[in-house]
Structure formats: C-alpha cells, structure tokens
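These notes open a run of structures that come right after.
Next come two complexes built around subunit A: one with subunit B, the other with subunit C.
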Partner chain A sequence: MSMREVKVCLLGEAGVGKSSIAHRFVMDSFNEKQESTIGAAFMSKTVKYNTQTVKFQMWDTAGQEKYKGLAPMYYRGASAAIVVYDITSFNTYNVVKDWVRDVRDTCDTEDFILIIVGNKVDVEEKRNVPRETAEKYCVSMGAHLFECSALSGKNVFEIFEKIAENLPSENPMLHHKRDTINIRPPIKEKKKECCKTQ
Partner chain B sequence: MDETYDVIVLGTGLTECILSGILSVSGRKVLHMDRNKYYGGESASITPLDDLFKMFGQDPVALPDGRPRDWNVDLIPKFLMASGQLVKILIKTGVTKYLEFKSVEGSYVFKGSKIFKVPSNEKEALATSLMGIFEKRRFKNLLTGINEFDEKAPKNPNMTPELTMEQVFKNFGLDENTRDFCGHAMGLYLNDDYLKKSCIEPVSRIKLYCESMARYGNSPYLYPLYGLGELPQGFARLSAIYGGTYMLDKPVDEIIMEDGKFAGVKSQGQIARAKMVLGDPSYFLDRVKKIGQVVRAICIMNHTIPNTNDAKSCQIIFPQNQLGRKSDIYVSMVSYAHNVASKTYYIAMISTTVETANPENEILPALKIIGPVLHKFVKVHDCFVPKDTAADKLAQCFVSTSYDATSHFETTCLDITNLHKNITGEDINYANIVDPDESASQGADQ
Partner chain C sequence: MATNGPHRSGNTNQSSRLSRPTRIFSKQTSEDANNETNNTPDKPRTMTTALYGRFDLEECDEGVKINHVWDSESGLPTSRLINEKRPISPSAARRDSHWLAQQASFSIDPDMDSDVALMEDILGETQSIKHSPDPLEEISQERPQLDSPNQLFPIPTEESQEEPITETLSSSSNFRNIEKELKLNKKNVFILSESGKPIYSRYGDEDHAVHLFGIMQAFIAFVEDNKDELLYFSTDTHNFVFVHKGPLILVCIANTYEYPDQIRLQMNMLYNQIISQITNTQLNRVFQEYRNFDLRRWLTDRFLSSLIELMDEDPSYLLQAIRCIPMNNTLRENINSTIIQAGNKNKKVLFTLLIANTRLIAYVRHKSYKLGPSDILLLFNMVHSTTSFKNSENWTPVCLPDFDNRGYMYAHISYVNETSAMYLILLSTNREAFFDLKETHTTIVEKLNSHGYLQKIEKSIRYADYTMPQIKVPEVRHFIFKNFRLNQYTMPLYGPPYVDEKERERLYGQYLYLNHNLYKPTRPAKIIYTVGPKETLFAWIHKEFEWYAVFDPLISKPSAVDAINKLCRWMKNTKDELFLRPATY
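Showing the complex of A and B:
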C-alpha cells in the first residue's frame, strides 16, 4: 500500500480552537484547559483512506501569527490549509478572509485544498456566524466548509477525510524532492508501545 | 508589547534567530522584533522578485515564464559545509525537519584563464589537469598527513603545531599552484594571511573540507530549498514554539538606556523592557566599527555557467594570486532546482572583499566567466564588528558581526558561540534541547 505524507497548516485567530481540533483528531480527546499554544506545534497521525495510507502532518502556528510574524516557511510544501473560526464570534470569522488571502498568495497551486472550519457548534445557542454566510463565501473561494466541535468531536474526522479524498493523484511537490538529501542522522527506532491516553 | 522580557532580540538574521531559539529553549522569555516585514535581515531571501528590483532602486521587470512569487533571492552568497558547525546546530535543535537540502553539484577553481573542477574523489584527483603527476603524489601525502593530524600528539615531524602552514607546504614540497589550491579552494581562505600562522587552523579547515566532500559526493556544500532565508525562519519557529514572541514590520525608534545599562526598546509609542538586548549591527551603529567592505553582485541568468557540466548549482573560486589581487573572488550559483527562481532561471552571485575605489570593476573577471546576465543587482556592503565587547557586556547590549565574504557559515557559528558565552556566561548546551514536536508526534501516531 502506498504511503503519503500530507502537510496541513492550521490557521485562524487565537482561541478559535485550532489546537483542540488537532488534538481531537490525533488523540480523539478534548483538553478543557488547552493552553494557548506553546511547546508542541506539530502533530501527526496516520490514517487509511481507500487504498492509501495518509500520514497527516499538522502544523500549528506557534503563535507567530499574532504580530505579522508568520513565516512563509510555515506554508512550504503544504497540501491543505484549515482556516478555523469560532461560530460564536463574528470577528474570528472576519479575519478568515485575511488568512485565505495569505494562503492563496503563498500556495497558489491548482491542487491546494482549502478548508474553512467553524468550530464550537456545541454552543449553538451563542452562534454569531450564520452558516449561510460562511457557505456563500466558501463557494466563492472554492473552499470546503465544515462546522464542527472539537469538544464533542462532531465533524472533526470528516475534515481530514475530505482532505484525503481531494488529494491530487500525484504529489506535485515530489519532483522537487527527488534529489534532496536527509541530513538528519538515522533515528534509533525505539519501538514504542501505543501511548494513547484516555 | 508593553511587557517585560528577559531578552529583546533586534533583527531576524540567522545569528539572531539561532540565539533567539537557543535562549528560548533554555527558558528565557524572548521578544524578537524586525523593522522589515520579512524574516532574515541581511540573510533573507527576497520574494517576490518585484521586491528585489525595488530594494535595489530599479523598476520591476516581469520575466517571461513563471511568476514573481517563484523567486527567493538571497542577499548574501553562502552554502553550508556538509560536516560544518551549522549542520550540527540544525540537527541538535531539530530545526532540520523544517528544511530540505540539496547537495551543491560542483565546486570549481579558476586557474590561468579557465575554470577546473575541484576533484571530489581520488579518481577525479588522479585525472585532474590541475597539477602534474609528481605533484599529485606530494599533494596526496599532504592530505594523508592532514587526515592523520592530531594537534595533541603530532606524529609527523613535517606537520606539527609549531610550524606555520607555509613551512608545512615546504616540508611536503608543494609548488605555488598546489598551495593556492589547498589554502583557497579547500581551506577556503580569502587571502594569504594564513600562511604565516600556525598550521593548526588551516589543517583543520582542509580536513573539514575533505570530510564535507566525502559526505554527499560532488561538493562539500549543502543548500536549502527556497533559499537561505529558510534558515532564520526555522530557528524563529523553534523560538516561538518555546514561547518567543515575534513581531515583524516593527520599527525600532529608540534603544532606552538607564544608568549606562540597557533598559528597553521603544517602538511606535510603546516600550518593551528587558534585562538585555541582542541585535545585528544595523540596530547599534554607535556600538560598531567598520572593518571593510564586501561587494556583492546578484546576477539573474537564463543559462548555466559555461564549462560547469550544466550544473544547476556550483561554486567557483578565483584565488587572489590568479588575478593579482589580495583577496579571492567567489561565484555561487543556485537555480530553479532549489525553488529560488522560476523554471529555467539561474541566480549567480559574485562577491569579494573591496580593494579599490571601483568595486564593480573588481568583479569583472568573474562576470566574464559566468556568461550573459539578464539583470544585475550590485551593492557594496559595510562589514561591522562590535567596537568594544567589554563595554557592551557592561551595558548588556550584545551586537553580532556582519556576514563576511567567506562562502560558508563557519565564522557565523563562531560568532554565535561567542555571543552566547557573553550573554549567558555559559557555553551552548545542546543536550538541553528536547524537540517538543518530536515528542508530540511520537505519541500521536497510530
């Protein structure tokens, strides 16, 4: 079975739930006291999709976006971007457009997968962003829209399924990589027991 | 911004970003600012291409084929020595995983009126027309001696730490050309000052060259995809992951001193306070002195350099003796193969230490070798060093050294080591660096 690595960038205003979504997808759990991202800013998870094995590598911004400090490096080689807003805050939805512009500027390949995600649907009663508003915008941008909840887990896996489904048949980055070299010393394979926590 | 930090770092050049990363990892609260809206300062790669034209005061020209976004043009020409210090830092900090490298395809040296490939293995060394058959034997003896050299227990009386490199060359019976080749094409010395000094450093530099060469084949050099500007970005991410705060496009209006000591930085009406500040020379013009100038010419071309076997990346060294100069001229070329240019374009950079009042004239011999150029961007850069490091330490203002004319980052790494010692009183301890991303992804895989 073929294995492919897929880089996914997480974007969006502080506190919308980027890290929580990644955490839900990778660990299938929710951490109530999720700290503003410091420390881990990179997670990966391998899933099977049809005949392929897809290894998602999720990049978190590490807070660099707060003062115009998100480096172009962040987007390098990404196949998809997930731009997250909080459905209870219209302001977080408004800045989605700035992120999308940024992504389009840097990753303007045909095959780039853009996903816009309204998070926190578990607090539907506080909703501030109508689904139709976001939907209209997504259609105009050629983006996919998901409304999800990292807290309940609703619709989170579907986001990544959509990415897997839309991957181009051949990885356009591959031809550049052909003669790159790995300068890392080979990692000693420690066969780790699955350390999933409940 | 109205906050107190342990360290404020000004400028996002490679030196500053590596230190910022290491200081954040060791638990310090870092605020990192840059007046530019891009990362890298002097060590940036400029994108889109239009910005390069503007930076050099030219009207942007659209090149046929490709988009301005395809370009990431370095402002300084440097490669990484495959076995050098920077590669070690990249591996130990885990920053390698943000980057991808290609091996530079060829290394050439100018002799007479032509360029010759620097032999990359024994077979090529035997076949090269750079030296005669008997000279080759002597050259081989020297390399064997260098390979076995141990500073503390020298075995070979022809190569001991008390000897100068000139004496060592003499002891091995090497002629002028081979000396030039060893010192300049392998030791990567820019001038002949090294001849009169102890052979320890030249021997270790030639050794580094050989080890780097043996690593990946054709040349001792590595180059990152998307340009050198990726390096500072990688270390900035390391810093951010450990809590470093990043602000770009942030002018520094004033460096505030209280009782002769650093107190804070004022920007756009706000003040950030910290115990100390670290920055590149452009933020501390009153604390640095000029020690010389380097001229750099960025040349955009639509062809490879003649007689380089169509290499998509290469280096050419013009030893000073061959040109009747005091310092060498370097050409470094990279291309679309490294995602720094649109398809079918090449970027050659010519650089040398300025010796006359007309620096553009000085680089003419190299321009002749590289062939027709579509667009050329020339600038003379001042090289600064701190005026008085003891005074800087008292003031808690630490200033880095400008990027020099050497073709690699070894001197930059030396500056980083020294600055770290000055700032913290300790040597860098890489063992303390745990890669948080690595541990996060480990547990996560199914």
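Showing the complex of A and C:
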C-alpha cells in the first residue's frame, strides 16, 4: 500500500474557524475558547482512504492582517488549499475571493485542489451567505464547496476525503524520471546532493 | 481619596479635598534635581540609608562587615513607619518638602489623620528650606505653569476650547464608567497613538476611553511645547506615568507599590512587546504614512495583558533577569551538547532555548550573537500567553527589539510532548527554514528522550523550588539574588509569613522600595539596611551581583550580617546548579 504526503494550507479571514476545523480534523475536538493563531501552526495526520494511506501535512495560518505577507510561503508548496469563510458574515465571504485570486496566481496547475468552506452551519439561523451564491462562485472558479461545522464536526472529515479523492494519480512518468536520475548522475553531482542535504 | 485624576479637569484642584497637591516630573525637572544633588559633597561609598537609625556596613570580599552602629536617640531600632504603604527614605522626604515649600495653593483637609501628621512634620522642616536659596525655586519661576497643578489640569489651550471639552466629559456616561474603573483598578494601562487613536486599554474597551486619551495627549503636548518631556505626576494615591516613544503614547495610572521609574521600565517593556509583533521600522513607517492608522489590527491584545500581569508580580521584569531551573551541572552539559550536535547539522539555527513555563532550562546561542534578557522575557511571555501552541508546531515571525528592532526573526515553537510543560524555541533568520528547524527539534527531543535526559529534566522541574529551611539559613525569611554577568536571578519559595497573597504583595512592595533606592538617579545607595515594623530589609549592590533579603524585624544587626555571609557561602557553592552558562554553536 502506498503512502502519500499531501500538503494542505488553510486560509481565510481572522475568526472564521480555520484552527477549529484543523483541530476537529486532527484531534476530533473543539475548543470553545480557541485563541487567535500566532504565525502559523503545523499539524499532521495520517488517514486511510480505500487502498491508500494519506498523510496530511497541514498549515493552519493566522488570519490576522499582519501575517498576510507570510501566507504565500505556506501555500506555495501545497497541493491543496482550503479557503474558509463564516456563513454568518458576508464580509468573510468577500475576502475569500481575494484569497482565491492570490492562490491561483501562485499555484496555477491543473492538479491543484481548491476547496472553499463555509464554516459555522450550526448557527444556520444567523446565515448571511446563501449557499447558492457560494456555489455559483465555486463553479466559476473550478473549486469544491463544503459547508461544515467545526463545532459539531459535520462535514469536516468529508473535506479531507475530497482532497484525498482528487489527488492526481501518481504519475508513472515521474517515477521513470526519478529512476533515471538515480542511475544517471556522475559522481560529482552526487557529491553536490550530499552537501545540499547536509 | 483620589480626587484629582485628570478627568476632573481644573475645578477639583481648587477644592480643599486635596490632601497633597500633584507633583509633576518632567525630564528637565528631574535633571535639575540631579544637578542639585550632584552639588552636595559625595557620600562615603559604603554609607547606608535608614530611616530611624544608621548603620555603617562595609563591603569586603567575604561579604558585609559592620563598622560601627549608632541608632537614633533611644539607641533602639524604632519600628514606627510614617507611611503604611511605603517607607520613605530621608532624601525622598526632603525632596517632598522642597517641593511642598513651593506650593502656594497647598491646603490640608482636617480629616486626614496619619498623612497630615506626616505633612506637618515635613512642613515644619520646610520652613527653614523655604528661605534658603533653592535651585528648584528658580526653575519654578522660569516655568511657572508646570509647577502649579491648578493650571495644568485644564486643557492647556485657549479658553474657548476648554469649555466644550469639559462638557462632553461630564455628559458622557462612558466616561463615568471609566472614572469608576480608574478608581476600582489598581493599575490601568492605556496605549494610544500620537494622534489619539485608541490602541489598548487594560480594563474595558479602549474605545470608551477616548475622552481620557484626549486629556493624556494634551498633557504630553503641553509639556513638549516647552521642549521638555513629561515623565510622570503623582497624587497622594496614584502615579500617572507617561512614556512617549516613537509614534506611541503609553500611560499607566497606578495605585501600587511601584515607583514611577519602575513603571517606566514596564512601559518600555510593553513598547518592546508591541515592536516584537511588528518591528520598529514598520511601526514608524505606517504612522508616517497614515497618521490615523488603527494599530489594533496588527496587535495581539493578550500578549500585552499577559505581560502586564506578569510584570505585576514576577521580579524578572523588575530585575531584567531570567530565572532558571536549578539542575546538576553534568545534566546541563549533556543537554547542551545534544542541542549543539543537532544544531550543527543544519546551520540555520541561531538560538535554541529550552524552557519550562517561564523558567529557562538550556540556552545555546550562535557564537557571534547574543540575546539580551529582555528579549528572552518577551519570548517567555509570548508562549506563556498562548495556549494554542500546545497542540501543534508553530512557526511565527518575531522581532526581538534588543537584538535588532528593524527586522523579524523566525521562531519554531513547539512543546517537547503533549503532557510536558517544556518547550523548545528555535530561532532562525531564514523565513523558509521551518522544515529544517522542525527536523532539528525532532532530533533534539528524540536524543533527549533516548538518553533519559527528559525524565531527569522533568524531575529537576519538580524539585526546582527550594525553601529557606532547606538552605539552613533560618534567619533569612526570603531573598532575591541577581547575577549581573549572566543576567539571571534566583529566589526561594515564599515561606511564612508570606503565604497569602496580600503579604506576598506587601513583600514585593518592599523589594520595589529597595530596588528603587539602589537605582534612583539621585544618591543611589550601595547597601541598605532598614528596620521596619514587620521585617528588616537588606539590599546590597555589587559589581557582580545585586542582593535583596528580608529578616525578622527583631533580628540584631550582627546576626543579620552573619546570615548574609552564610548565604554568600551557600551561593558560592551552589552557583553552578542555580545559574546556567549559555553554550555556543
């Protein structure tokens, strides 16, 4: 059975529940008094899906404005981004569009998985962002939409399942290339590699 | 009691309820005060100050020696204290009387009891001073506005502007709440921008304090118009301390044992905590471009609140020193070598700190760089105030103002394991180095674990606190010892009678008093020995250390000195366990 590592980055406005989603997924717990994230938190979790094991390496970024400059560093190497908004606040939904634009500018590959998540469906009565609006936008951007609740745990695991499902099948060409690299390099290059890794 | 807060505006000051007029200190006045005392002949180096008796102690290699002792008339150590709150040194009393002599508007409420006695005492002394040529008096003639509190409280501009402002103040219910809060809380801290934008208030919503901010700004602007800097002013209950640094104004209104200089130090620490989040360069630039910028968007409030709380009781911030976990020297060396080995593998780590709660276990630095104690204290506070660091590995930019206030360092902060209070901070200047530092962290933790050092450290943490009976110097109730070279300090657990919070706070007040007298710009003391009603206080500053100790009030001087010498010997023998020496990469 193969083990795949997936880098995921959680983005979105401050206070929408990025850390809560991450904690729900990694520890299956919810903290009422979740503090605002400082910088970024790195977490990982290994999950089995069908025949493959997927190791999620997650960057839970801080939503506060002062950390915005650092965000590209986290989503640059990622294969999936989860942009979160709060369904009770239309403003946080508008910010999603900025995030999506930034992410698309940097990671414009076909394989890149973009997921937009409306959090806090447990307070459905205070909803300000209609599902249809978000859905329309997602279709236009080629993104997947989820509405979840980190508090109740509803739909949280499904987000990550979706990422696992949509992972590009491992490219046989890539394997081939790797093999040739191993065979090809003269001694000199090997040495260089050694130095790099040290 | 506190009737003359800034919010009262001018009229309160004319009322007779004022027991002691407000004293205002700005940079120039305090410099003048320095000059004044510089003219007095130098005191002998080893002289001590005591309120009701004088003792000459001499520093020698082994410790302290009594030269000769002469008490006040009775020949006994008296224990009457003029001021319950804070013993006043003779020089401070004299300064007060200098100042009182100039107060034309001075009046006393007949209801005041002990304070009046003090006032009268001082006033009696004042008569003679009043007629002698006094440098302070000349200053007061040059700048009469500053010395009269009656004129300072109104907004210091034209009369037309003054009235509407008082009106808004009295009509605003928010303001009344603030007024209540100001009196209720022992220590209020406000931060605002130069243009009066609210940034932070310790209690309540800072937006509700904007009226107050207007007045604070006016105070500062008024004094700065005279090309001077407002440092603080005091009423009989509160100190109002102002720090105008860069584009920010920090104000502390405190009814605590702290002295204005000590509060200033705290305000500077707070300023540094702000800088640690956004760098000095960025702070200045943003306010140059947008004078009205709302800095709250960039700040994490809880860092500031937690720092203020820590500073209220933790001597680290007063002494600007770090407290370590005492431990066996070989264990310390083993930890250091483990950290160095892991760090040498990738050259990106600049500093590594192993910490438990707010106490240092190990510190390894790059051989050509050094972290100051204030920077390390800021890092402590950052982790102390954030519980969410526990569940993940964290990567955050942080500016260490003492190291370099222009740019960020990047910190990998992660706990050793889920149950432990121990965490590692790895610092690098490379913002992309997370995965390298993550690897270093893992290597360190694995190695510490596999050699069994982790358990040993956990054990040291459990037994980190020692009590006075363990040291076998029963005469000493409590002490604080700071090592200057290492910028570290040590102190035992608070034993009886300092077991309840009130007594502990009072003891801390005594330490503040001693610290103030060791560091005050006018006539700093070298050794202090003071007999009070509840304890005998001792402080000693030496080029290598700083020492505060508390004894039983009835202890005789020779046995106090004996006890200090005993402690000195104990300190010499255990210094390798108590203090850690930073290792280098």
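Annotations
Quick note on the criterion: the second predicted complex is superposed on the first by the 160 of 198 C-alpha atoms of A that agree within 3 Å, B and C clash if a C-alpha of one lies under 4 Å from a C-alpha of the other, contacts with A are read in each partner's own complex, and residues count from 1 in each chain.
The criterion applied here is as follows: a residue touches a chain if its C-beta (ideal position, glycine included) is under 8 Å from a C-beta of that chain, and two chains touch if they have at least 3 such contacts.
From a predicted model like this one, the values you see are computed outputs, not experimental measurements.
In the superposition on chain A, A:Met43 makes contact with both subunit B and subunit C. In the superposition on chain A, A:Lys126 makes contact with neither subunit B nor subunit C. In the superposition on chain A, A:Ser19 contacts subunit C only, with no contact to subunit B.
Within the superposed three-chain model, A:Arg101 lies out of touch with both subunit B and subunit C [touch as defined at top].
In the superposition on chain A, A:Met73 makes contact with both subunit B and subunit C. In the superposition on chain A, A:Lys136 makes contact with neither subunit B nor subunit C. Between subunit B and subunit C, it is B that contacts the larger number of residues in subunit A. Touched by subunit B in one complex and by subunit C in the other are residues 26-27, 38-43, 64, 66-67, 73 of subunit A. Subunit B makes touch with subunit A in their complex at residues 32, 37, 39, 47, 69, 82, 87, 90-91, 96-98, 100-103, 216, 222, 225-226, 230, 233-234, 236-237, 240-243, 245-250, 339, 436-437, 439-446. Of all residues in subunit A, only 19, 23, 26-27, 34-43, 60, 64-67, 70, 73, 198 touch subunit C in the complex they form. Every residue of subunit A that touches subunit B in the complex is listed here, in rising order: 26-27, 38-47, 57, 62-64, 66-69, 71-74, 76, 105-106, 108, 176-177, 179-181, 183-185, 192, 194-196.
Looking at the complex, you find that subunit C touches subunit A at residues 277-278, 297-298, 300, 302, 345-346, 382, 386-389, 391-397, 411, 431-432, 434, 438.
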